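Shared chain: chain A. Partners: chain B in the first complex, chain C in the second.
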Partner chain A sequence: MSERSDSSEILNSLEKYDLDISDYLPSHSGPKLVLNFNKITTVSEVEGIILKGREIENGIIADIVIKEGTVFEDPIHLCFGVNKETGLQEIFPRIIAEDNSSVTLQAHCSFPNAKNLTHKMFGHIYVGKNCKFVYNETHYHGEQNGATVAPVSYVYVGENSYFENNFFLTQGTIGRMKIQIDIYAFKDSRINSNVKAFGKNSLDSIHVRDAVFLEGENARSIIKMKAAAIGGGEVMMFGITEGNAANTTGHVDCTEIVKDRGSRCRAIPLIRATDESCHITHEASLGKVDSAQLNALMARGLDEDEATDLIIKNML
Partner chain B sequence: MSSDVLLSVKDISIFSEDRQCNIVDTISFDVMEGSIHSIIGPNGAGKSTIGYAIMGIYHPCSGKIFFEGENISDLTITERAKRGITLAWQTPARFDGLSVYDYIGVGVKDKNLIEQRVAEALEIVNLNPDIYLKRKVDANLSGGERKRIELASVIAMRPKLVILDEAEAGMDLIVLESFMDIFNKIKELRMTILIITHREDIGMVSDNSTLIWDGKVLANGSFRDIMVLYCQKAGLKKICSRTLFNQFDESVDKIIEEETRENKI
Partner chain C sequence: MKENTKYNMHRFIGKQIIDEIQPWFEFSTSLPWDERSPPWVFDNKVRRQILVILSESPLTFEEIIERVLFKPAPLIITKEEYEPKIIYQWDKRTIENHLFNLEWYGLVRKNFDKYEINFPIINKEQLDDVENYVIKFAENWVKVIEESKEEILNKYQGLHKNTPIMDIIIEKIIEKLWETLKKKGLVPNEPNLKHLWGEQLRKTKFNEWVLKNFK
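Up next is the complex of A and B:
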């Protein structure tokens, strides 16, 4: 199979997310870095954005620099896919957004045929002053519970910058997944972190640790974690916010729906304030679907399972 | 209006959760097919509880509910909805991520008609489809917008019986003025309406009314008769709300005044 058809197959596997893959195909002119397993298949730079990839033993190091003042409307595409059923892929992204830049990174992590496949990531993102940086990571792990995925990211968000993290793993089966993201927010920065995950059977296990450390005065953050566990699946959400500087504001919101025997949802919000002017809050709800929502849909003719599925599908 | 009984509530009683008291006590009334029937009464009288019992959300400890002659007392909410009963909530639920289009269309049986029904229903409740179809039924909608979307979802479904639980609460005055039009359009679509309200200006659209007081039926009859009784019972010498239907208010006021003069009250 050619490299081009390999990457198309990986992208096609993401269509369950209602994704328009034409924006990401190799023929698309936008900036991109595309992998198949541990080989770099496409690197495409545009003015103001440097993309460099280096292959190592079991993966790659990806260096991305958004140069000072660069404002780029189209997303920068990172495709970390594996068609193989087994193997180990290790990715080390090092991303720098220089001052006054504005970009969106769209990472696709797709392992459509995974049976005994491990994907590890150890990433660092440095966001300068007065930036807008959106990082979207969309996962698809196939239908055979065969992936083990462990991404770890450290993000540093500079003065007066906005950082948004959107992590979605709601289609297909999860397999085993352990995510850790630590975000350090400096003066006047704003953080918006969203995680959505769906465990569908007893072989699906997802652990998420999403942490924001508000280190600069007036930094603000919100973490929203939404998950569902059905058919014996397991989801654990660990939302952390620390206010370590004056006038910082943070909130952790966790909503998890659990359905079917053997399914488990856990949420541990951990909030900490070390300055009397901080305002850090959390909210968590776990359990069955809200009865008002269920009744509303059942009164239109859906049965309980149909109504629950619709609520979960739309929440995620 | 047909002379057939569509819904018959027979002697239903519902206990409070702690079973210390009856929220409603041996309630009976009939709703005629094609009519607008109002359940009137003060706050806490048990009006909404009756609506929820008809929908199958609350289960009476005694009594029966018949719909088109069938005893539906033991049916689930879904089964009742499939037979043609639905309810528009006083405080409608909000849903993360669910689009207005999907919510309004969820009750439309013929999936080929969803688009047409959703657009029609939004226009009936005076919401612009170009604006609202893109939105979500979440916390970003105002209370009034959410109520109108609730009404639209009922209209799109085309049930035989619509229970409107204080549909007017939270609506702005402009929409209140158009309520008559909305009710008439629902009637034109051959739906029977059961209005639960404590506003006389809304209840006056009804053909028949039931007055509930402390969980019991005080009277069944025409709306005008029921309002006279309501005012007497509440010790009112005039109807409080004069916003929309002064002419009607004045006619009821006149009856109350005359009956007071004749020492009937």
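Up next is the complex of A and C:
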């Protein structure tokens, strides 16, 4: 299969989650970095954004610098695709958003044919002062439970900046996945982190650690973790918020639905305060779907399974 | 603020060392249920960074504040191409909170106006040197295992074919070894040593990776 048709398959798989693949095509003028397994197929920069990638033995190293004051409406696209059934992909991205910048990063990890495929990422995101930085990461691991995915990210959010993290893995199967994201929030910064995951069968296992360390005065954060495990799937959500500075506020919210025998959901909201003026809270609920919602849908003619599926779909 | 009572010194240096498994211990780890491994104090990168910089030399509070700031640099974009200007600095109160925490866990202590680490640390050169002993011990183990493997496998052939009997025996040997060494006073009883070796190793491994990929 040629490299062009390989890339097309990865791009087409993005349609599984209703994305316009024209954003990823070389003809699209926006900034992007597209991979086909461990080959960089497209790198395109725009004014104010530097993108540089280097291929290494089993993956790539990538630098993305958003220069001071750059405000970019369209998302910067990163596509880490593998259409092979087996293999190892290691990604080392480092993203630096300088002061007063505003960008959205749209990362897609698409492994449509994964049977015994490993994807690892070790990334750093540095956000300067007075920035708005939105990081969206969506995964699609095919239908064969064959992916092992382990991304680790460290994020530093500067003074008076807003950082939003949206991680979604709700289409296709999961395989085995362990995600870690540690966010360090400086003075007056705001963090909004959302994780959604759906384990569909006994070969699906996802463990997520989403941690926010409030390191600067008045920093605020909210972590929202939503997950469902059906057909014997396993989900574990570990939400951490630690207040280490004056007047910091944080909240961890975990909601998980478990359906079918053998399915397992776990949630560990872990909150800590080392400063007397912190206010850190958490709430977690796990188990069957809300009976009021279920009854309302069943009263409209859906059977229990259909109603449960609809509630899960709506939540995710 | 750290309380100033007669118990202060005990909290400062005290560590729970209990050999007997008790009802409030987690069955999977045999450790108290409220202590994760590694302890949560290591979860935070700033606290780890403070330990790393104090492992080089004792520092005053102001020196620590100066040393924990950092300026991120790109991995492959050179200084000539572009040099980002971001600098991160932690405020005094936050560092103070982290130091209280490290003191409370007995990892750091204040000696007059300087903070210093409260545990031994091993550097890369010493670790390389230690490797010779590691090989020597391992080779002796291999000899013993080679001599007894057949006898063990014959004796336990009634077990399910997937039972990793040798793995189980090796794991139990390590437990027994520690227990016996402790009883004979041949090992220092320092529970945090393992984690801090880990930290040093991690740093070394990362530096090796950087040298391999970027130089």
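Here is the rule we use: the second predicted complex is superposed on the first by the 311 of 316 C-alpha atoms of A that agree within 3 Å, B and C clash if a C-alpha of one lies under 4 Å from a C-alpha of the other, contacts with A are read in each partner's own complex, and residues count from 1 in each chain.
Heads up, the rule we're going with is that contacts are C-beta pairs under 8 Å (C-beta built on N, C-alpha and C of every residue); 3 or more make two chains touch, one makes a residue touch a chain.
Source: prediction; values computed, not measured.
Colleague: Is A:123 touching anything from chain B or chain C once the two structures are fitted on A? First, second, both or neither.
Modeller: Neither: A:123 stays clear of chain B and chain C.
Colleague: Report for A:172: first if it touches chain B alone, second if chain C alone, otherwise both or neither.
Modeller: After superposition on chain A, A:172 lies in contact with neither partner.
Colleague: Would you check which partner chain A:303 touches, where first means chain B only, second means chain C only, and both and neither mean what they say?
Modeller: Only chain B; A:303 stays clear of chain C.
Colleague: When the two structures are overlaid on chain A, which partner does A:199 contact: first (chain B), second (chain C), both, or neither?
Modeller: neither
Colleague: Would you check which partner chain A:311 touches, where first means chain B only, second means chain C only, and both and neither mean what they say?
Modeller: In the superposition, A:311 contacts chain B only.
Colleague: Once the two complexes are aligned on chain A, which partner has more residues of chain A within touching range, chain B or chain C?
Modeller: Touched residues of chain A are more numerous for C.
Colleague: Once the structures are superposed on A, label A:186 by its partner contacts, choosing first (chain B), second (chain C), both or neither.
Modeller: second
Colleague: Considering only touches as defined above, state whether A:293 meets chain B (first), chain C (second), both or neither.
Modeller: first
Colleague: Along chain A, where are the residues that touch chain C in the complex?
Modeller: Where chain A meets chain C, its residues are 50, 52-54, 56, 61-63, 65, 67-68, 92, 94, 96, 98-99, 124, 126, 128, 154, 156, 158, 182, 184, 186-187, 211, 213, 215-217, 240, 242, 244-246, 270, 272, 274-275.
Colleague: Under the stated contact criterion, what part of chain A meets chain B in this complex?
Modeller: The touching residues are 226, 255, 290, 292-293, 295-304, 310-311, 313-316.
Colleague: Once bound in the complex, which stretches of chain B touch chain A?
Modeller: Those in contact with chain A are residues 55, 57, 76-78, 80-82, 85-87, 89, 91-93, 95-99, 102, 106-107, 109, 153, 157.
Colleague: Residues of chain C touching chain A in their complex?
Modeller: For chain C paired with chain A, touching residues are 40, 43-46, 72, 74-77, 81-82, 84-86, 88, 90-91, 93-94, 97-98, 100-101, 213.
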